[in-house]
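Which chain is which? They are A, B, C and D, in the order written, and residues in each are numbered from 1.
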Amino acid sequence: MPYQIAILGASGYTGAELVRLIATHPHMEVAALSADRKAGMEMADVFPFLRHLNLPKLVKIEEIDFSKIDLCFCALPHGTSQEVVDALPRTLKIVDLSAGFRLRDAAAYEKWYGAPHVHPDLQAEAVYGLTEFYRAEISEARLVAGTGCNAATGQFALRPLIAAGVIDLDEIIIDLKAGVSGAGRSAKENLLHAELSGGTHTYSMGGKHRHLGEFDQEFSKIAGRSVHVQFSPHLLPMNRGILATVYVRGNPAQIHETLRAAYVKEPFLRVLPFGSLPSTRDIAGSNFCHIGVIGDRLPGRAVVVAVLDNLNKGSSGQALQNANLMLGIEETTGLMLAPIFP
Amino acid sequence: MPYQIAILGASGYTGAELVRLIATHPHMEVAALSADRKAGMEMADVFPFLRHLNLPKLVKIEEIDFSKIDLCFCALPHGTSQEVVDALPRTLKIVDLSAGFRLRDAAAYEKWYGAPHVHPDLQAEAVYGLTEFYRAEISEARLVAGTGCNAATGQFALRPLIAAGVIDLDEIIIDLKAGVSGAGRSAKENLLHAELSGGTHTYSMGGKHRHLGEFDQEFSKIAGRSVHVQFSPHLLPMNRGILATVYVRGNPAQIHETLRAAYVKEPFLRVLPFGSLPSTRDIAGSNFCHIGVIGDRLPGRAVVVAVLDNLNKGSSGQALQNANLMLGIEETTGLMLAPIFP
Amino acid sequence: MPYQIAILGASGYTGAELVRLIATHPHMEVAALSADRKAGMEMADVFPFLRHLNLPKLVKIEEIDFSKIDLCFCALPHGTSQEVVDALPRTLKIVDLSAGFRLRDAAAYEKWYGAPHVHPDLQAEAVYGLTEFYRAEISEARLVAGTGCNAATGQFALRPLIAAGVIDLDEIIIDLKAGVSGAGRSAKENLLHAELSGGTHTYSMGGKHRHLGEFDQEFSKIAGRSVHVQFSPHLLPMNRGILATVYVRGNPAQIHETLRAAYVKEPFLRVLPFGSLPSTRDIAGSNFCHIGVIGDRLPGRAVVVAVLDNLNKGSSGQALQNANLMLGIEETTGLMLAPIFP
Amino acid sequence: MPYQIAILGASGYTGAELVRLIATHPHMEVAALSADRKAGMEMADVFPFLRHLNLPKLVKIEEIDFSKIDLCFCALPHGTSQEVVDALPRTLKIVDLSAGFRLRDAAAYEKWYGAPHVHPDLQAEAVYGLTEFYRAEISEARLVAGTGCNAATGQFALRPLIAAGVIDLDEIIIDLKAGVSGAGRSAKENLLHAELSGGTHTYSMGGKHRHLGEFDQEFSKIAGRSVHVQFSPHLLPMNRGILATVYVRGNPAQIHETLRAAYVKEPFLRVLPFGSLPSTRDIAGSNFCHIGVIGDRLPGRAVVVAVLDNLNKGSSGQALQNANLMLGIEETTGLMLAPIFP
């Protein structure tokens, strides 16, 4: 019998993406779906693209019998998630997709999210869910905290370089271009088609974007000293995809080789030949991350470009990859779907 | 001194389009701008693309001194508009862009809008604002009711044909493709970029779209008998533009010649050579309407295709054209801006 | 050992879509890929989104050893395809995706394609590939002719209605909205992003679109008399998807019930509840076709709306479905991937 | 009588944008339009959006009687432009929009464009057309060389800062996001809608983009020493607009104040309040450039963001602004059109 899966917050984009992925997963079955305002509705009415699937109705969380659930994905807002995860059975395996448990340090959490963490014990328990770098911990974990989608992109470009000491830690700039689905499905004027299509702008500039908390935590941990990158997010008129243009100082060939060697056995992380740079179109809808490196005309400077799909590798694909590990399933199961182009 | 203009409901797309057009109008000046929830804000904060203009701050309607206003555009929801127009000085010239005063018949209004009209006297006073067909009345009018944007498109394709008796009145189908700005600036889930881009769907199908009230009223009046068209609107992933594909029965060459002759002196209505059909891209941002006619392989059937910009010729451009007439200004003033492409 | 598959014309969109689908097909393996001008290149350089797959290099057709191939997909232009298919071993199973073999009648082919068919014997041999209606013949066939993507959409909406005699055969209009990938990957000014995005226009109007040849052939065959529909294609600023708005005369409830009953056991054809109409967004990237029916306010008139993905169900998905049948594999294998949204 | 204007290369996007702008210019008239392959065609057939204008037919350059022309815009490829400008009467005022005359130094030209300049005398004569910084020279010039659209954007963000010495000259990075119309109207596979929409990628990375030649020339001239910036262009799925994210080192408030003071009297350059950053949507279709400055969390680092419309302020609007100066017309004439939104 396949593992029984619950998805809390199934009326948002990451919830729907989880359902889409699990639909072709041979060892998982969607057993429960929750939504708050849309409880009582059929998933086919909330997301008609899932109409062909035989799915349970959306219910309130309290209506779910968790004794029958093997693993629960939480795709709720980060504040809600802390409360909900606390109330779930302490034996239940959980992959949380919110920002609720990403930061290990209580002060850091309060700084970036503007309020103290409600359940520091859970914050301490949670394992940071960047699969390729926390495999062992994730396999043993009960509660895994999915990373920010931008945070994942930047880390795939930079972690091996920081670890290997091949770049200047004080001269890192991440100029990031993000698709609009990362902002979620909530009805806001600034997310309307008429407002967004055909143009671009920055957001959360000047060191204010919350994913900086993850960069600070992870890069400083690897480096053994404080590392503070500069991070500039831009919103683009596309639904899926993140492209991070990462400016670093160091030997370009060495930087490329470091990434290549680090990821040579990774099924989802693909380093392109030196000088080739990736496009978001080539990973849309998939769990793949493509990474390229090029040297600048200015000696000692390189640019690393990483792309991934924010809803998939940056969120729900990563979550499923972690769930596979937690359940003892082969890590790539259900995740080898090709990207979709055009 | 230029005419002093007030725009009520200036925080929506049609209000902003009016400001954009009046910005280069030699005989008008924006003297007052109202918004409800955004009262107190600078227009540059609500619509940064108008930043270069020296505009009055947004205020509540009751803060405007209408004794200094020569003409007032109302770009409010149709229910609100009835109340507001009633409260304005009865000597003030008004162009209303809502659906509040488009239908002459009280029963028809109630049927299509689901509630009785609040001010039947104003409903009776209002002149239907399809400029090319109501010029004389508009020139004399105090209160002009802007047409629906879809209603305008369909009428430009069909009025001369119905008047000339060259088509079968019982066999008219309008299959309409509309850009998303027609749905306005309100924050709704179904108008998000992530929901709309890259796909299409129908809406208000089956004879339910309110612009049918205008089609029924106008076509029946011209024909001297009941005319009920079939009307199928589709929402397209584009911000501006309407394309109406109109299926009619009659002699294609005669249909083309009827339209050509009817519009040969019209500055904004352009009939293409027989067999050429228009694109929405060629009228975006302008007050022009392009119309084409082609015969089908089935004898006695023709297709008329009309395109216009819903925010301009379909709404704010039409309103300005009417305001020019009402103020005794040359009708095309401020409206000869070329479309923008690409 | 999986079936060995060749794809001729793998540098176009339908070729790439075949590779994408076969990538997760448990019983097929891509053994050979051909391209003309791009022969010698790696598939990953022609379509970087397929980079993660272990694929053969693109070669010229004559370099392929067809004795090792179980089934060959031809995704070539229709003129080329006739020559190529003729030159292939007469024992090789072939699914042709071009227009080369869709029309059974030699005169019809010459009329719509402007030149006589080069290999009338193959034209006679080919089975029309609309899977749901030619299952038995396809299962036995050596050569299957994929349908036009627009032709498939219109037929899914209409075939059961014509067969059941529930609509007026002389009053059928198909107003079709198509995404741009249907026009292929060739570099043409009118397909540029700057030309297409943000607008819409008609094409091949007036009874000139070649897919009318398929409509005429199939509908007349079902009806046992000549049936000539009116067909108006529009190009939309979206990459994938077709929405056909089909105007018919008859009893709307009966029309809905006829379609529902006809497709109730079909895995890929989904009829929505009466009055619900589909969106192209809900089938993008998948082999599903959603169909809805609504009655108009005018008695005796109904609108059927059908949507499918032109590259998938309209072309490569259909081809794979047929290939499954030809090889004796369960028909849905490799095709149950969920659509992708947003 | 208005000035008689010729536009060479009128079948491209910048040519059409010139026609669009001159259409409402009170002192200019389009007297001649040339195109090479499209000679003999009506402009309304090449660009139907200009259908309402009474324009001369497209002709070959040699068919134009330049004795009747007051000023000529050349919107030709840079190689062609050198030959053509040389052949024009040496008394004719010319604004060249190509890269043919932007670089003053012969060696620099050869380095960036891969071939020696054909007419070094014209190269020496040409004045660099960045209006706000070369007004006096442009007013006196016979031949003005329009700037690169990316080069203009970067210079508006940086010139006053370099001149004032408020930023570190060795630490400048320009991460630029460009719309697709900048790539022109030529039919290339990589510019198709199906290839570009819904995604993003880099191009000409690693110090290879030709506009670096302009940055090097101008920034080094201002600084009185070699200045070499890092420049990373990205292509975005939007038709118009450039957003340059410029990373600099210095005091953010001083940087903002330097730009504000430098541009306070400029009609087209608008510096936003400190901390506000602009969107490309707010300048589309106009000659305006919006610039914002924000400080990073890292002390001594600032980001300057500049946006303009590549076809307008970045090309044809700039050209018209220069032409106004050369003809002694008020500089803003014909250029105060508001942007178009949405």
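We adopt the following convention: a residue touches a chain if its C-beta (ideal position, glycine included) is under 8 Å from a C-beta of that chain, and two chains touch if they have at least 3 such contacts.
Computed from a prediction, not measured in an experiment: that's the story for all the values here.
Trainee: Centre-to-centre on C-alpha atoms, which chain is most distant from chain C?
Mentor: D
Trainee: Identify the chain pair with more contacting C-beta pairs: A-B or B-C.
Mentor: B-C
Trainee: Using the average of all C-alpha atoms in each chain as its centre, how far is it in Å between chain B and chain D?
Mentor: 36
Trainee: In whole angstrom, how far does the Cα centroid of chain B sit from the Cα centroid of chain C?
Mentor: Centres of chain B and chain C (C-alpha means) sit 39 Å apart.
Trainee: Roughly how far is chain A from chain B, centre to centre by C-alpha average, rounded to an integer in Å?
Mentor: 45
Trainee: Out of chain D, which residues touch more than one other chain, so two or more?
Mentor: Expected reply: 13, 181, 194-195, 197-198, 237-240, 278-279, 281, 284, 342.
Trainee: For the complex, give me every residue of chain D touching chain C.
Mentor: It comes out as residues 13, 180-181, 183, 185-189, 191-198, 237-239.
Trainee: Considering only the defined contacts, which chain C positions touch chain B in the complex?
Mentor: Interface residues on the chain C side: 173, 175, 177, 194-195, 197-202, 205-208, 212, 228, 230, 232, 234, 236-241, 243, 245, 247, 275, 277-281, 284, 294-298, 301, 303, 305, 342.
Trainee: Under the touch definition given earlier, write down the residues of chain A that touch chain C in their complex.
Mentor: Answer in residue numbers: 13, 16, 19-20, 23-24, 47-53, 181, 197-198, 239-240, 270, 278-279, 281-286, 288, 290, 336-342.
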